[in-house]
Amino acid sequence: MTEGAALAAAIERTRAEVAALHAELVRYGLVVWTGGNVSGRVPGADLFVIKPSGVSYEELTADDLVLCDLDGVVIPDSPGSSRSPSSDTAAHAYVYRAMPEVGGVVHTHSTYAVAWAARGEEIPCVITGMADEFGGPIPIGPFAVIGDDSIGRGIVETLRGHRSRAVLMQNHGPFTIGASARDAVKAAVMCEDAARSVHLAREAGPLIPIPQERIDHLYARYQNVYGQDGDDRR
Amino acid sequence: MTEGAALAAAIERTRAEVAALHAELVRYGLVVWTGGNVSGRVPGADLFVIKPSGVSYEELTADDLVLCDLDGVVIPDSPGSSRSPSSDTAAHAYVYRAMPEVGGVVHTHSTYAVAWAARGEEIPCVITGMADEFGGPIPIGPFAVIGDDSIGRGIVETLRGHRSRAVLMQNHGPFTIGASARDAVKAAVMCEDAARSVHLAREAGPLIPIPQERIDHLYARYQNVYGQDGDDRR
Amino acid sequence: MTEGAALAAAIERTRAEVAALHAELVRYGLVVWTGGNVSGRVPGADLFVIKPSGVSYEELTADDLVLCDLDGVVIPDSPGSSRSPSSDTAAHAYVYRAMPEVGGVVHTHSTYAVAWAARGEEIPCVITGMADEFGGPIPIGPFAVIGDDSIGRGIVETLRGHRSRAVLMQNHGPFTIGASARDAVKAAVMCEDAARSVHLAREAGPLIPIPQERIDHLYARYQNVYGQDGDDRR
Amino acid sequence: MTEGAALAAAIERTRAEVAALHAELVRYGLVVWTGGNVSGRVPGADLFVIKPSGVSYEELTADDLVLCDLDGVVIPDSPGSSRSPSSDTAAHAYVYRAMPEVGGVVHTHSTYAVAWAARGEEIPCVITGMADEFGGPIPIGPFAVIGDDSIGRGIVETLRGHRSRAVLMQNHGPFTIGASARDAVKAAVMCEDAARSVHLAREAGPLIPIPQERIDHLYARYQNVYGQDGDDRR
């Protein structure tokens, strides 16, 4: 296969994967109407694909996704290039530029995560499921509005060097990252699950902390042992 | 096409659109049993179509919708004219008469919006999704009961000149308006989403306000930039 | 048609209706596993049909329903007579004996209704939807356990002469009655909806009462005007 | 049939039953992503089958389940033996070794049960549905992390001699046991239902206790009378 054909095939696979992953946002109740998006980096290229703006999840097909370079500029004459990409495209692009290890980015306004974000309060790590998945608390990112690089910069400054793959942008909502788009979607699902469980736990009384060394132990095991060999789900 | 044929076609399109939109109320959990309704203005005519009273959402077809004039009087010998229109028809009609820019009206008893309404408390704008969609708080309308124009008047007096397309009628529930029926349904979905997120946020501690100029900026951008060109979803 | 054939046809219709109505309990999330039941009186006979005990909702067919006399005794050699009827059969039978106007009875353990029942606290009528449907608060019935007539007696003593078609049996859960099985199912759906909305409303601050004469007005209108003529949905 | 053929048939039946039961965890909202598992003892053998680690519920087939001995060691050359069993396998195995009457074990991170677990607080028995099913409060087990026998030991020490078939492991989540895998799944469903109802009840005011002799009476009746004869659902 020529290099061009290999790239075209990689773009196709990424389109199909990212389109299908939007259904997981719906299934787990993380989005209403058109308010959330998934993007995925094209392996081996400085490109990513992202949801078009304002398109419903049921109508979304692989060809609707918009192919962008790492500055968030739409690649002309590609499928979906007649559409406007998600209004969060600049934030996704910033993350891909700054964090080469990131293969996928997800943004939602999932209910309980937004509730923590509206108080600017990080989610404490008091359940073993959070220790497994995030290795500690889920942090708060700065208040930032659309229009420049401030959302992308806020995500990167908060998550770089942090165990958590999820950040709650203040007054806004969660952004999650992952080694793949699928991994970032899993982080979005588990972030909302943690936000809900800890919210409910705390409203009824004081929480029992988990000692840090136990958190460290759970996180290390989960990253290395869980799942099937060669499984990208971690 | 004659003028009569064009009108007939416009009525048919509106019937089909409004019938289908009721499924969105079910999908997003905004209604139980038969407790919510959508209406849509027929473009270019002083007419609107509305759900018949007490009919279940699964049974509802385009031909079941009731065609009314702007006084809420059923047009005789039209499909659905043997049925009673929604008991909220007078309120919808009042809105269409008073606000020519409105193309659709929705009423539900969605859970969290009703909770704010039972306290007579407006929903503060502390999340960016609300700033985008409503440009500020979602206001409370007066207590008013069925039987005269008081519900319709309360909706219009509250929403005229207000950025919000949603009003919470005290002790009752939300009414939303939009440029189209679809836009009013979107407002109903986003209103419940905001009601839920802010309810949960506040029960766990103090909220961080968003500065007014940031709200203004987000609202202006969302009204002008979001979605695809020519998209009626705003 | 002979009298015997007419009765057989009435039993068949009641079986089919009651079997189908169990799906509404599932749809509205009022039941988990096998924990809720619907019964319906056979029009023109001293008989009712009820869910068999411990059978899942997906497996339930019209022939599985158990035909009983008004003492709750299974009619021998009828379809379903090899099965044990619901363990709540004595309570349903008591209601049919004591209240000839009742055509259907429903029992669930729906979440929010159970929460009010565990505190022994009636649901105040602070939303117009409750005024429409129940004409005032939803009352609490006595603590009573299975084994004698005490549950049935508690339901009847609470609901006889009361506008509400729903009673929350203390520490137990809701029982609802109606002119038909469908009407009793509607009452179960609206009872949980009211229990949830008022629970959420009150946890965030003081509620605004609705003046009694407004409640009376709404209730009177809804009982007489809502729905289509000849509609058993009220 | 030879003894070997009978064992093979028993393994097949157990595989099919346990695979299908995972769908109940999804249906009742007890799990997100891959975070819960069911196992079932093979009748008449020192073997059990369990979910593979990190496999999604939609993809799961009977042949994917992993067959283990009572030390949790995978039986070589059996279907599914190329997969890693659930990371909770050691805990399940411990329960099967220590409690020969147990035919099924379930673990989830269901939301409300986790909330009680994060506070280390048992669920008080204030609703008759809990008295029926669990015969008293749902207890808390010790804090224990994966890596040795401590989770399995904590489950057994808490549930041995206890009426409850559910334990909330502190900071972790519920484990349930049953005479069969189906019975353990029912316990998981009813545990979350009780956790949710009692959480909501208590957040709005003081609960009415149920006298112990009434709890004893309800529990005794439910274990002996409920359901159909010969029904494994209890």
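Going in written order, the chains are labelled A, B, C and D, and every chain counts its residues from 1.
The criterion applied here is as follows: a residue touches a chain if its C-beta (ideal position, glycine included) is under 8 Å from a C-beta of that chain, and two chains touch if they have at least 3 such contacts.
These figures come from a predicted structure and were not determined experimentally.
K.L.:
Taking each chain's centre as the mean of its CA atoms, which one is farthest from the centre of chain D?
P.N.:
B
K.L.:
Where chain A and chain D touch, do the two copies share over half of their residue numbers, giving same, or under half, giving different?
P.N.:
Because under half of the interface numbers appear in both copies, chain D and chain A meet with different residues.
K.L.:
Rounded to a multiple of 5, how large is the rotation, in degrees, that superposes the C-alpha trace of chain B on chain C?
P.N.:
90
K.L.:
How far is the middle of chain C from the middle of chain D, if each middle is the mean of its Cα atoms, in Å?
P.N.:
Using C-alpha averages as centres, the distance is 32 Å.
K.L.:
Can you tell me which residues of chain B touch two or more of the remaining chains?
P.N.:
Within chain B, the residues that touch at least two other chains are 202-203.
K.L.:
Looking at which chains touch which, would you call it a line, ring, star, complete or other?
P.N.:
Its topology is that of a ring.
K.L.:
If you go through all the chains, which pairs of them touch?
P.N.:
Chains touch in the following pairs: A-B, A-D, B-C, C-D.
K.L.:
Note which residues of chain B are touching chain C in the complex, please.
P.N.:
Result: residues 32-35, 52-55, 83-84, 87, 109, 111-112, 114-121, 143, 145-147, 170-173, 199, 202-203 of chain B touch chain C.
K.L.:
Across the complex, what residues on chain B touch chain A?
P.N.:
So the residues of chain B in touch with chain A come to 28, 126-129, 186, 189-190, 193, 196-198, 200-208, 210, 214, 217-218, 221, 225-229, 231, 233.
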